[in-house]
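Labels run A, B, C and D following the written order; every chain starts at residue 1.
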Amino acid sequence: GDLTVGFSQIGSESGWRAAETTVSKAEAKKRNINFKIADAQQKQENQIKAIRSFIAQGVDAIFLAPVVATGWDTVLKEAKEAKIPVVLLDRDIDPSGKELYLTAVTSDSVHEGKVAGEWLVKTAGGKPCNVVELQGTVGASVAANRKKGFEQGIAGASNVKIVRSQTGDFTRAKGKEVMESFIKAEGGGKNICAVYAHNDDMMVGAIQAMKEAGLKPGTEVLTVSIDAVPDIFKAMAAGEANATVELTPNMAGPAFDAIVAFKDKGTVPPKWIQTESKLYTQADNPKAIYESKKDLGY
Amino acid sequence: MNVAGRNSVSRLLPVAATSAVFLIGFLICSLTFPNFASLRVVMNLLTDNAFLGIVAVGMTFVIISGGIDLSVGSVIGFTTVFLAIAIEQWGVPPLMAFALILVISALFGAAMGAAIEYFELPPFIVTLAGMFLARGASFLMSTESIPITADLYSHLAEQAIRLPGGARLTVPAMAMLAVVAGGMVLLHLTRFGANIYALGGSRVSTALMGVNVTRTTVAIYTLSSALAGLSGIVFSLYTSSGYSLSAVGVELDAIAAVVIGGTLLSGGYGFVFGTFVGVLIQGLIQTYISFDGSLSSWWAKIATGLLLFAFIGFQQATLGLARRSRRLAAAGAH
Amino acid sequence: MSETAAIPGLSIDTAPLLELTGFSKSFAGFRALDRVDLTLHAGEVHALLGENGAGKSTLIKCMTGVVHRDAGTLRLAGADIAPRSAEEAVKSGIATVYQEVNLAPNLSVAQNLFLGRQPTRFGLVREGEMRRRAREVLAGFDLHIDVAAPLESYSVAVQHIVAIARAVDQSARVLILDEPTASLDAHEVEILFAVMRKLTARGIGILFVTHFLDQVYAICNRITVLRNGRLAGSATTAQLPRLDLVRMMLGRELAEATAHTGAGRAEAGPEQPAFASFEDYGKAGYVAPFDLALRPGHVVGLAGLLGSGRTETTRLVFGAAHADTGAATVDGRKVALASPAEALHLGFGYCPEERKTEGIVAELTVRENIVLALQARRGALKPLSRREQDEIAARFIRLLDIRPPDPERPIGLLSGGNQQKALLARWLATEPRLLILDEPTRGIDVGAHAEIIALIRRLCAEGMALLVVSSELEEIVTYADEVIVLRDRAHVARLTGEEITVPGILKAIAADAPASGQAA
Amino acid sequence: MPLRLPRIGTSQIVALAAILAINWVVSPQFFDIRLQDGRLFGSLIDVLNRGAPVAILSLGMVLVIAMRGIDLSVGAVMAICGAIAASLADTHSLPVVLAAALGAGLACGLWNGFLVAVLGIQPIVATLILMVAGRGIAQLITEGRIVTFSSPELAFIGGGSVLGLPTPVVITLALLGLTLLIVRGSALGLMIEATGGNARAAALAGIGTRLITLAVYGWCGLCAAIAGIIAAADILGADANNAGLWLELDAILAVVIGGTSLFGGRFSLVLAVVGALIIQAMNTGILLSGFPPETNLVVKAVVVLAVLLAQSPRLKGLGSSLFGRGK
């Protein structure tokens, strides 16, 4: 139809987010929806500005991938006054504003961390296992949640414990640098049993650092990370990575469906449309998954 | 020895050029997008850039004095976190928390100013350390974003002057306009303001002219940080929350606004009003890009750069033309 | 100039107004001041004299607390004071004009006059009132300018007068003037002296630094002389005839008397072809089109009042400003003169008037400052070896007697006069065919002054073409073969041969209608 | 800036030594170095290796700053050149790849130089334009994703080793030598210092200040390109979003720690590199210490202030009068 949807995207800070943008555009095209994207470059104030300008332009619906959980009340009230439905993508916002948006299409990032932790406990199998953790950007809610979830996942197993934890800013370069220092600090890496990274990019960097230090990731050192970007499947296919938890880039698809149904038939969707957090291991034919994912815009 | 005077109006030229550039830019946007030329867009421009405008006024003072303050973005971030924690967790009444944070940020600025003066350190580095420190301190207080639910906040958010066409003159916008007006008075009409210009013109001379350079410098950084604190309050009103990563990079936006507004980074020249227009120009560029909406993330960045270049290039050209015609006019008078 | 203008009623026996005892100051092992004493009485003008680098400015800065002295006490009207900054000095009643103009160039003239004590109402500066008062104050100096314009739009001379006016207006008990007359011409000097006399009549004590001995005898009651940081002597003006004074300053006889007139200019041989000539050369709103021919072995002097366009003429000739009419010819070929770099390659040299802003690179060493232009001409890729640089620097430090003779000292730490010499050295090192000197002897002491004039003559004899701007007409007439007089940014008269006399030039400057000779 | 007699870089060296000593305290194996696969391994080597990009950036930045300029775009230029190198690496030969990336860096630098020297735009805004747009250009090249490559030659530039030293370290040393040769072996250094110290005086002395400005910004772009290639080669891919992010601040910090004033004039190439090493030693120390990451910035602020205080003329005066050295 002639629907116009404005999307306030966080930015383009990672391959995953680039993929989310690409997939969203493709999904809009599939449904013949006029789709406007405003890139906020990681800044909440920019997102608020973008939403304001969408309201001023009179779009039919607004998608918001909120960079933080709080602080949306005022601008979402404005949207509500203008009778424009808002759908949250990828991340949830603070509960105080529940009635201000139509629905949220997100995964549960605590759950993601928990899945990773549980996998590690199972794989370590009772042996003592020292884990080093590569955190996401300090202050990012996903980082905090993935940390929390992982800690929940390993809570029951006293043999698995986190010995070092530093931020790798969600980037490959920092992931590599931090891993290098972990290796030095942990006796050349001999004390490290597993690496947990808050995203795959950092893990790819960490794998390189381990290889350069003469360690064998995937066999000597277990790896588990989150996102399921194509490059981690490449590493899994090469036997250098063990597991990843998927965060699907297709959040917009379900959101469009909800909006179309709401506009056409007035169907009110559930408050939370949760996406799956699927665990992939070397057993899942990583090569094939790599091929299927590599052109999605990651 | 009667010698012909120079036109003092020439000093206003950069501001005039900047304003002209803004108006032309606005006109072009209005012609390009249907809903653009509305009161709502103008008011949004004020509200959305209120925190930037406030902090840029402080930055104008610092830059005119020949310094720079990189810490302001972090001070804003710290302020929002402090307010959220103070109000939500410690139960401090909001107005009291406002007063408290203004004092804290002012003291922080005074400490930076004192370090610059007493240890003869470059402002760039002292305030860079201040930037790390304030951001680090907000991480230590909380890495999570904290909503502020105090009544005052929702009350202030409602408190806007409603104008036709759904436009609203909000509290943040009014705060910014007040700060701009106050800044103009302070900079252009007081002794303190004259001292700031003198300092930027020549530090050594200013000291030799009997101005207390130390006190002035400390006051300038105190003012800048206090305004960053105020900006943080506005930011927290704007988002009703506190978050340690908020306002990252705002210092660069503020510096850019100041410089686009015709202030020389090397100090000594500039106007608060120019800064205000500089802020609006930056807001206009962003509004243009979100109105367009078809640009991918990277094209948006490239377009921002190109528009920035267009504005600055046009400003430069206007200035050059104006200077030339003035010289020729002077020649004609001979 | 008139002889000692003793102030009636002044008695040296009265209690001193300002008393300095045992002032000492060292910079990194270098003794700039060594146990200097000085007494200043109310109502007197006290000359502080000495060669370049003798320590005059340092003594003044130590007095006002701008430089922290190592030892010494300061008493004002019988009470010990110890100002630690210019601010405190002003508060305790000492107003100072420092050697280099120390004002805020970007502020308006009015703001500069009243910075820190602007008239206010409810905390706001009363701009109108301030401008009115500024015009009033400057009118006392016969200066009628737009006081709302930024200071930097005026020449150094105007800036200097503003600085003096500011200090005078602070109604202090002691007024210190460090070379206030260096960039002023005779008329302004007269005005300044009139103001100084008024002040002394009110009981203000004035400490006055100058290199013009005429001025010393015209206005000063007493003299204190410094030599190499030490007190060389102190006496009343009447007790110290000129020759004794010079001997006291230099510690030796002055080899050559300063007052030459028209020596060596007599031979009016066949005119040599011009090295560089300018026809109908000018720039709208800057200098009206003029004709100028510069010949080897020939000195052209530019004379005129402040702001008459002398500096502008030199800048056009050097390519620092671009002409919009006329043509320039060098060695018979047309040249564009688009930049100083181009002029440099044609064999031009240019010593600008404003040494602080356009001359020295303060933090570079004396050596680096001296080789700068030569290096620029050779190009970046043909660096002078360190040995060559050392040689050149050493040669010119010796030749021009730059003190201290340390080539590795940042030039900004040298005394004003020595900086000027180093700048001259910069251009001499390039062995230019045309040397343009804008006020080359500004701030140069008597000894060096004579040396520089001798140097100009020698260069001329060696076949260099010279274009010299000087406000000291007595000086111009000693070496110029041709004098061009400017007024209101136009060349109005050209004097040659016997016409070049001080009265002759003054007449041409003052003439209302274009004077006889070539009008541009 | 007040004038001072010339000084030497003792305070920077002392600061570096002190930070290394602290690192040794928080991590006793800090100075352990072992040889593995013909390559040296150890935290100290990490400091050199990780410090390489900032050190290289600072080699360009120091000249720009000496000219009284500043270049905010180096981080973005790194991203552009890394993106170009990575996207060409698997289809073209190494010389072509390098030429393309270096050419792009040079072009970026010259663009900045053009804005500053010819259009007369203030350096901070002039380079801000490319800082904003440049990252966009880099993302345009990679289309926002991480472009990976497998060319072993390019990978060698990031992860290989020459004579046991990591390639980036060798490149940094070579570039330092080259810069020294160009700048101090010719009269360029003098001209840059003269222009930075007093541009009007330099121009009147016949120095072609415009050309030098262009050249210096061009050089800065070239250095950023080299740093960008190393960063891409290091992670076997170009991350246009994050490569070089905020590194301009580190480079400026390195230059200032190295004693070059932001008001132009005197500069020191060697000390700028030492400044970069000080920053990296501090970062590595933080990583080795095991402190929670929330404290990183506070630690960094304290160290930066301490290093600067150690250089403060005021404190030096105090110190020398305390120890009776001052005469």
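Methods note: a residue touches a chain if its C-beta (ideal position, glycine included) is under 8 Å from a C-beta of that chain, and two chains touch if they have at least 3 such contacts.
If you're wondering where the values come from, they're calculated on a predicted model, not measured in any experiment.
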item	value
Contact-graph distance - origin chain A, target chain D	1
Farthest chain relative to chain D (centres taken as mean CA coordinates)	C
Geometric centre distance via CA averages, chain D-chain C, whole Å	44
Centre-to-centre distance between chain D and chain B (centres being mean Cα positions), rounded to whole Å	29
Between chain A and chain C, centroid-to-centroid distance (C-alpha), Å	71
Touching two or more other chains - residues of chain A	11-12, 18, 21, 138
Contacts with two or more other chains, residues of chain D listed in rising order	139, 143-144, 294, 296
Interchain contacts (touch definition) - all pairs	A-B, A-D, B-C, B-D, C-D
Complex interface listing, chain C residues touching chain B	66, 85-87, 89-91, 96, 98, 101-108, 111-112, 115-116, 118, 120, 123-125, 127, 142-146, 148-150, 153-154, 158, 166, 187-188, 284-286, 288, 305-307, 489
Chain B - residues contacting chain A, complex	33, 35, 38, 40-41, 44, 47-48, 51, 139, 143-147, 149, 154, 157, 166, 235, 238-249, 283, 286-287, 289-291, 293-298, 300-301
Contacting residues of chain D [partner chain C, same complex]	1, 3-6, 185-188, 190-191, 193-194, 197-198, 200-208, 212, 265-266, 327
Residue ranges of chain D touching chain B (in the complex, touch as defined)	2, 68, 72, 115, 119-126, 128-130, 132-140, 143-144, 249, 252-253, 256-257, 261-262, 294-302, 304-305, 308-309, 312-315
Chain D contact footprint on chain B (complex, rising order)	115, 118-122, 124-126, 128-133, 135-137, 139-140, 143, 204, 252, 255-256, 259-260, 264-266, 296-306, 308-309, 312-313, 316
